[in-house]
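Note that the chains are named A, B, C and D in the order they appear, and that numbering of residues resets to 1 at the start of each chain.
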Amino acid sequence: MTIGLTHYLVLSAILFAVGLAGVLRRKNLLMLFFATEIMLNAANIAFAAISTHIGDLSGQMFALFIIAIAASEVAVGLGLLILIYKKYGTLDLDNLSIMKG
Amino acid sequence: METVAFYLFSILITGLFLVTAFSRNILYAMSALAAGMVLISGLFFIMGADFLGAVQLVVYSGAVMALYAFGMMFFDATRDVKEKNSPAGIVFLLSGISAVILVAIFAAPKIGENIKALVTGTKGADNPHVIGEVLFTKYLVPFEVAAVMLLVAMIAGIVLASKKMDESLSEIYIDADPETVAKEEQK
Amino acid sequence: MENLVYIALFAPLVSSLFAALFAQKPKIQLVGIVTSILIGISLLASVTLLLDIHESGKAVSVTLMDWIQAGDMDIKFGFTVDQVTAVMMSVVTLVSTVVHVYSNYYMESDKSFNRFFSYLSAFVFSMMVLVMSDNFLGLFIGWEGVGVCSWLLIGFWYERKDETRDVNPSISPSWAANEAFIMNRIADLGMLVGIFMIYWNLGTVKYSEVFAHLDQLSHGMLVGIGIALFIGAMGKSAQFPLHTWLADAMEGPTPVSALIHAATMVTAGVYLVIRANPLYSQIPEVGYFIAVVGTFVAIFAASMALVNRDLKRVIAYSTLSQLGYMFAAAGLGAYWVALFHLAAHAFFKALLFIGAGNVMHAMHDELDMFKMGGLKKQMGWTFFYMGLASLALSGIYPLAGFFSKDTILEVAFNEHTYGIWFTLWLTAGLTAFYSFRQVFLVFFGDERYHEIGAHPHEAKAYALWAMAPLAILAVIFGFYKEDFVEFVTKLLPAYEMSEHTHHMVWILTLVTTAIALTGIIVAFIKYSKGLKRDLNFEQNNKLYKLLYNQYYIPVLYEKAFAKPYKELSDIAWQEIDMQVVDATVDGIAKAVETTGDVSRRAQNGNLSTYLKWMAAGLIFVTLITVISVVIK
Amino acid sequence: MSNILSVLIFFPLIAGVFGFFVNKNSIRVYGIVVAAAEFLLSLWLWMSFDTTDAGMQFVEKISLIPEFGISYYLGVDGISLFIVILSTLMTLLGIVALSIKEDLKNMIITLLFLEVAMIGVFVSLDVILFYIFWEFSLVPMLYIIGAWGGPKKLYAAIKFFIYTFAGSLVMLVGILYLAYIYHATTGVWSFSLTDWYGLLLPTDVQTILFWAFFLGFAIKVPMFPFHTWLPYAHGQAPTVGSVILAAVLLKMGSYGFVRFSLPLFPDASVAFILPIAILAIIMIIYTAMVAYAQKDMKQVIAYSSISHMGVIILGTFAMNVEGISGSIFQMLSHGIVSGALFMLVGVIYDRRHTKLMSEFGGLAKVMPTYATIFVVMTMASVGLPLTIGFIGEYLSLAGFFKVSPIMTILAGTSIIVGAVYMLSVVKKSFFGPLANPENEKLKDLDSKELWALVPLVAIVIWLGVYPKPVLEPIDNSTKALVQLMHKKAQTDKAKKIILVSKDAKEAK
C-alpha cells in the first residue's frame, strides 16, 4: 500500500481535530496559542500534500504564507499576552470576561 | 520505506501534539510542539516539498518556538497550569465529530480523484528553484505583502512587549484590578 | 320670480349671519328687529310666490350652482317652488316671523339674545332649503341643517347642569340636545340609504327625474326605498320608536318649541312622505304601515299627555299625536289632507306654544301645571289665545282643526280601515280632554301659584299682537279648505271620498264632535273648579305611573342602549384595545426583547464558550455541505 | 416653471438647512415665511394645473441609476395635487400655531424636513424615490414625538417608528419583487410607477403583492388591528405633531392604496374587498366606541381619526368613481378637520395643561369663540351637509353601496356613532355649569390661534358648499384610474365590480 494523498489528508484532519480539541479544552491563552499552531500545521500538511499530488506549487505557496502569518501572529500575539498578563495577572480565559454582554 | 516513515512520523506527530494539547505543564507542551513541528518538516521532505520543509524547520521550529520560549520568560512557566477545564464531554464530542467529518470528507473517494491542478507542469523540477520562480513571479505581490506584514508584526511585537511594564501608554490600568496593581507596585 | 325664490331662501341666511356678527355681544335690540324684518321679507316673498303659482299654476325652478359631481353623480343646488313647496314655505315663514317677533319679548332679558336670533334664523334657512330643494340630497342638507339648529336651540341654555330623571325628566338642555341629534342621526342613516338606493337604481336624485322613472324599478326596490325614506321621516317627525327626543326637546326656549318642535321641523317627515307621493302611492302596503305607525303614535302620545303635569310636555305629546294623524292620512294616500292638517296644526300649535311661553314668563319658568291655576284674571289674552288653540286642536267647529282632523277620520273610514278610524276617533276624545285639562289647570280654579311666590302678568302688547295672525288663521283656515284642495291637487293626487262615505259624513262629523265635546266636558268637570289631587292614585295606580313615566321608554332606552353602549365602549377600550390588540403588539415586541435578552447570555465574555459555539457552527456548516453533496 | 415639483421638494429642504444659521429669536418668523412661501408655491401649482387633464402633470424625470431603472421621477395628478396642498397648508398653520417655547428652532427645522418628506411621498412616481420619502417621513416625526412629547414620549415615538417601519419593510420586499417581475417580463429594470401600471400580473402574484403592500399601507392608515400605535403617538405628540400626523401622514397610507394597490393589482383588490370592508367596518364602529370611552379629549380625536379612515378605506375599495373620488376628498376633509380639532385640543392644553374632559365643563361660557370653532369642526367631523366632512363621507358610502348595501348600512352607522362621541365631547367639555374654578379665568383664542384656525373654518365651509374646484380634478383622475383598472382587470368578477363611469365610457 503506497502512501497517497488520502493518507496525508486524513492525518491532517486528525491533527486538526487534535488542535481543535486543544483550543476548546484549554483555558490558558498560551496553550490556546499552541493549539492554534497545531491547527495551522495540520492545514499546512494538507496544502503541501495536495500541492505535491497535483503538481501545482500554489499549495506550497499558501503553506509558506501560512507560516509567515503564524510567525507574525506569534509575534503580535505574544506581545498582547504579555500585556494581558501584566494587567490581569492571569492568562486564564475564565477570568478574562470583561466583554460579557 | 516511505510507508514506514509516514506512519512513524504520523504516529509521533499525533502523539506529540496530543501532549501539547493536553499537558498541564507549559514547558512540556512547548517542547512537544517543537518536536512535532520538526517531524512535520520530515513529512514535507517525504512529500518532496524540500523548501517548505526547510522553512518549517527554520521558521517554525526555530524562530517561532524561540519566540515562545522567550515569551514564556514573562510568565511563570515552571508552575503547572491550573485550569478549570470545561466538561470534557462537549470538547471531545465537538472535536471528535469534526474529526470524523473531516476524515470522512478527505477519505471519500471523490476528493482524491477529482482534484485538478490549476497550474501544472512544475513537477519534477528542482523544488527550491521552482518555488523561487513562482514566488517572485506569480506570487510576488502576496510575498511583498507578507514581508510588510512580518515587518509590522515585528514592530508590533516590540512595541507591545517593550513597554515599561508598570506604566502604560494606554489606559490599561484604569480599570485594572486594584490588587493586581498593588502587586505590581510592590514588585 | 326667480329672484323671489332667492329672496325667500336667503333672507333668513342673511338674517342669521347678521345676528351671528353680534353673537358674543350683550343684547342688541336691533338684532331682534332686523332678523324679524328679514324673516318677514322671506314671508312676503313666499306668499307672493304662493299667489303667483296659484295664478299661473306653474312651478318655478332655479338652479343655483353645482354641488357634488363625481363619477356619474351630478348634484346641483336646485330649488323648485311648486304648490306643495309654496304652501310649506308660507307656513314656515309665517310661523317663523311670528316666532321671531315674539322672541323679542320672550328672550328680552336673556344675555344670549343675539345668539338666539342667529340660531333661529339659521333654522329658518335650513327649513327653507329642506322644503325648496328639488332633489333628495338638497332635502338632506336641510334635513341635517334643521337637526343642527335644533341641537343648538334645544341646548341653548347649555350651562344648566345634568339632573336626575326624577328632578328633570329631560336631564339637561345639553343632554336633550344630544339625544335629539343622535336619534335623528339614526333615522338619517335610513334616509341616506334610501338616497343611495335611488341613486344607484335611477342614476339621479332629482325629484322630477326620480318620480318620472319609478316604473323602471321592481316592486321590492320601491318598497325598500319607501321604507328607508320613511325611517328618515320617523326620526325627524319623532315617530315611535324614535319619539323620546321630542318631549325632551322642550328644554329649549319656548319660541323654539313653537317653531321647531311643533310647527315646522317635526313636520318635515310628513312633508317628505307627501313629496314622495308618487313613490308611496305605488306601494300601498308601506303606506298602510305608515298609517298604522301614525295611528299608534297618535293614541300613544295622547295617552301620555293625559297625566303629565308639565305644561310644555303636554303640548309636545299633543304635537306627537297630531303628527301621527298626519302620517295616518299620508299613509292612506290622502296626501293633501295630510298637508292641510300640517298647515292647520302649525298655526294652532304654534299659538298654543307661544301662549305657554307667556304663561311660563308669568310663572317665572315654572312648568308644573299643578302649581298654576286661576291665571285667567291676570292673563286674559293669553287665555283667549290658548283656549282658541285648544278648541282648534280638539277639532271643534268652526276652527281649523275641525276641518282637517275630520277629514282625516273620514279618510280612515273611507279606506275601510275601521281600526285606524276608531283609534283616531278615540284619540280625538283624548286630545280634547288633555287640551282642556291644561287650559283649566292653568287658567281656572284656585290660584295655586301663590305657593311658589309668582306674580303673574300679561305679556307685552306687541307679543300679543304677534300672536294674532296665528289665531286668525287657526280660526279661518278651515274655510279655505276648498281653495286649498283645488290648489294643491294640481300637484298631489286628488283624494275622492266614495259615495258611501259622502252619505256618512254628517254622522262621522257628529260622532267626532261628540267625543271631542265629551272630552272637554270631562276636563271641565274634573279641573275647572280647582285641583283635587288624589295622591294615592298618583302613587299607586300602575296605569297612571306607566303613563306618567312615558311607558318607561326613556328609562328602557337608557338601560337597553345608552348604558350597554357605554359599557361596551369601555370594554372595547380597556379590555379589547388595551388588553388584546395593543397587548399583542407589545407582546411581539416583548418576545423580540426576551429573545435578545436570552441570547445575550451566550455573550458571556468567555472566549472558551465562543470557541465552542464556533466549533459547533463549523460542524453544522460542514454537515450541511456534506449532506447536500450526498443528497445530490 | 416646469420643475415646480422639485422646487416644492427642495425649497423647504434648503430652507431647513439654512434654518440652522438663523437667529433663535427670528426663527419663528423665518419658519412662517418659508412655510408660507411653500404654500403659495403649492397654490401656484394648483393654479397652473390643467384640471381637464386626468394624467400626470409637471412631470420631471432624471435617470439616477439607469442599470436598475431608478430615476428621479416626479409628477402630480388630481389625486395627489390636493394632498400636496394640504401638506403645505397644514405645515404652515402648524408653524403659525406653534406654542412650544423650548427648542423652537429645532422644531421648525424638523417641520420643514417633514414637509419635504410629505411632499416627496405624494409627488414621487418612481417607487424607490417614493419609498425613500416614505421612510424619511418617519424620522422627523420620531423627533417631534420623542423630543417634544408628553411623559411617555419615548415609548410612543419608538412604537410609532418601529411599527410603521416594520410594515414598510414588508412593502419594500413587495416593491423589489414587483420590480423583479417587471424585469423578468420586459427584460429591463424599471421602478417607474407609470411603467408598472402597464404590467399585467397573474392573479396569484397579485395576491401576494397586494398583501405585501397592504401591510405597509394598513399600518400607516392605520387599519384595525394595526392601529394601536396611533393613540400613543397622538397622546404623547405635541400639538403640531398630532396635527400633521393626523392631517397628512395618515393619508400616506390611504394614498398608497389608491396609487399602488388599486391600479397595480386590480384583480386582487376586487377579490379582497370583503375582508378589507370588514376591517373597515370594524374600524368605523369599534374605534368609534373606543373613542366614546375615552376620558382624554385628544384620545377621542385620535380614535375618531381611525374611525374616519375606515370610511376612506371603504370608499377606496368601492371600485367605482364615486367611492374613490369620495375617499380622496374625505382624505382632504379629514386632514383639515382632524388637524383643526387637534389644534383646538392643543389650545386648551396650553392653557390648562390637561386634556381630561372631567377637568372641563362649561367652557363655552368663558371661551365662546373657541367653543364656536370647536362646534363647527365637530359638525364637520360628524359629516354635516354643507361642511367639508359630508361630501367625502357621502360619496364614499354611496360608492360602496353599489358593492354591498348591507355593509354600507353597517358602515353608515359612522354618522351615528360619530355623533355620539363627538357630541359627548362637546357636552362634557363645553356645556354644563362651569364647575371647575380653574377654568373661570381662561382666555379665549388669541390672534395667533385665530390665524391658524379661521382659515380652516373657511375651508371647511367653502369646500362643503362648493367642492367643485377640488372635486373636479380628483374626479377626472379617478375616472382615468378606474378606467385603467377596468382595462387591466382579468377576472370576470373584477370586470363586473370595477365600474367605469358613463361619460368616460362614452368618451371612449
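Just so it is clear, a residue touches a chain if its C-beta (ideal position, glycine included) is under 8 Å from a C-beta of that chain, and two chains touch if they have at least 3 such contacts.
Values in this document were obtained by computation on a predicted structure and should not be read as measured data.
Undergrad: What is the shortest path, in steps, from chain B to chain D when you may only step between chains that touch?
TA: When the steps are counted carefully, the minimum from chain B to chain D is 2.
Undergrad: Based only on mean CA positions, could you tell me how far chain C sits from chain D in angstrom?
TA: 36
Undergrad: Averaging over Cα atoms per chain, report the distance between chain A and chain C in Å.
TA: A distance of 94 Å separates the two centres.
Undergrad: From the C-alpha centre of chain B to that of chain C, how far is it in Å?
TA: Going by mean C-alpha positions, chain B sits 99 Å from chain C.
Undergrad: Distance-wise, how many Å sit between the C-alpha centres of chain A and chain B, to the nearest whole number?
TA: 5
Undergrad: For chain D, jot down the residues that touch at least 2 other chains.
TA: Expected reply: no residues.
Undergrad: Mind pulling the residue numbers of chain A that touch at least two other chains?
TA: Those would be 20, 24, 27, 94, 98.
Undergrad: Scan chain B for residues touching two or more other chains and write them down.
TA: 86, 90-91, 94-95, 98, 102, 105, in rising order.
Undergrad: Looking at which chains touch, is this a line, ring, star, complete or other?
TA: other
Undergrad: List the residues on chain B that touch chain A in their complex, please.
TA: 2-3, 6, 10, 13-14, 17-18, 20-22, 26, 29-30, 33, 36-37, 40, 43-44, 47-49, 51-52, 55-56, 59-60, 63-64, 67-68, 71-72, 74-75, 81-86, 88, 90-92, 94-96, 98-99, 102-103, 105-107, 111-112, 115-123, 130-131, 134-135, 139, 142, 146, 149-150, 152-154, 156-161, 163, 165, 172-173, 175-177, 180, 183-184
Undergrad: Touching residues of chain B toward chain C in the complex: what are they?
TA: Spelled out, the residues of chain B in touch with chain C are 86, 90-91, 94-95, 97-98, 101-102, 104-105.
Undergrad: Which residues, counting only chain C, touch chain D once they are in their complex?
TA: 23-24, 65-73, 137, 140-141, 144-145, 148, 151, 155, 158-162, 172-175, 178, 181-182, 185-186, 188-189, 192-193, 195-197, 199-200, 203, 565-566, 568-570, 572-574, 576-577, 581-582, 584-585, 589
Undergrad: Which positions of chain A touch chain B when the two form their complex?
TA: Interface residues on chain A, with respect to chain B: 1-22, 24-28, 30-31, 33-35, 37-38, 41, 44-46, 48-58, 60-61, 63-65, 67-76, 78-83, 85-89, 91-92, 94, 98.
Undergrad: Would you tell me which residues of chain A are touching chain C in their complex?
TA: Within the complex, chain A touches chain C at residues 20, 23-24, 27, 32, 93-94, 96-101.
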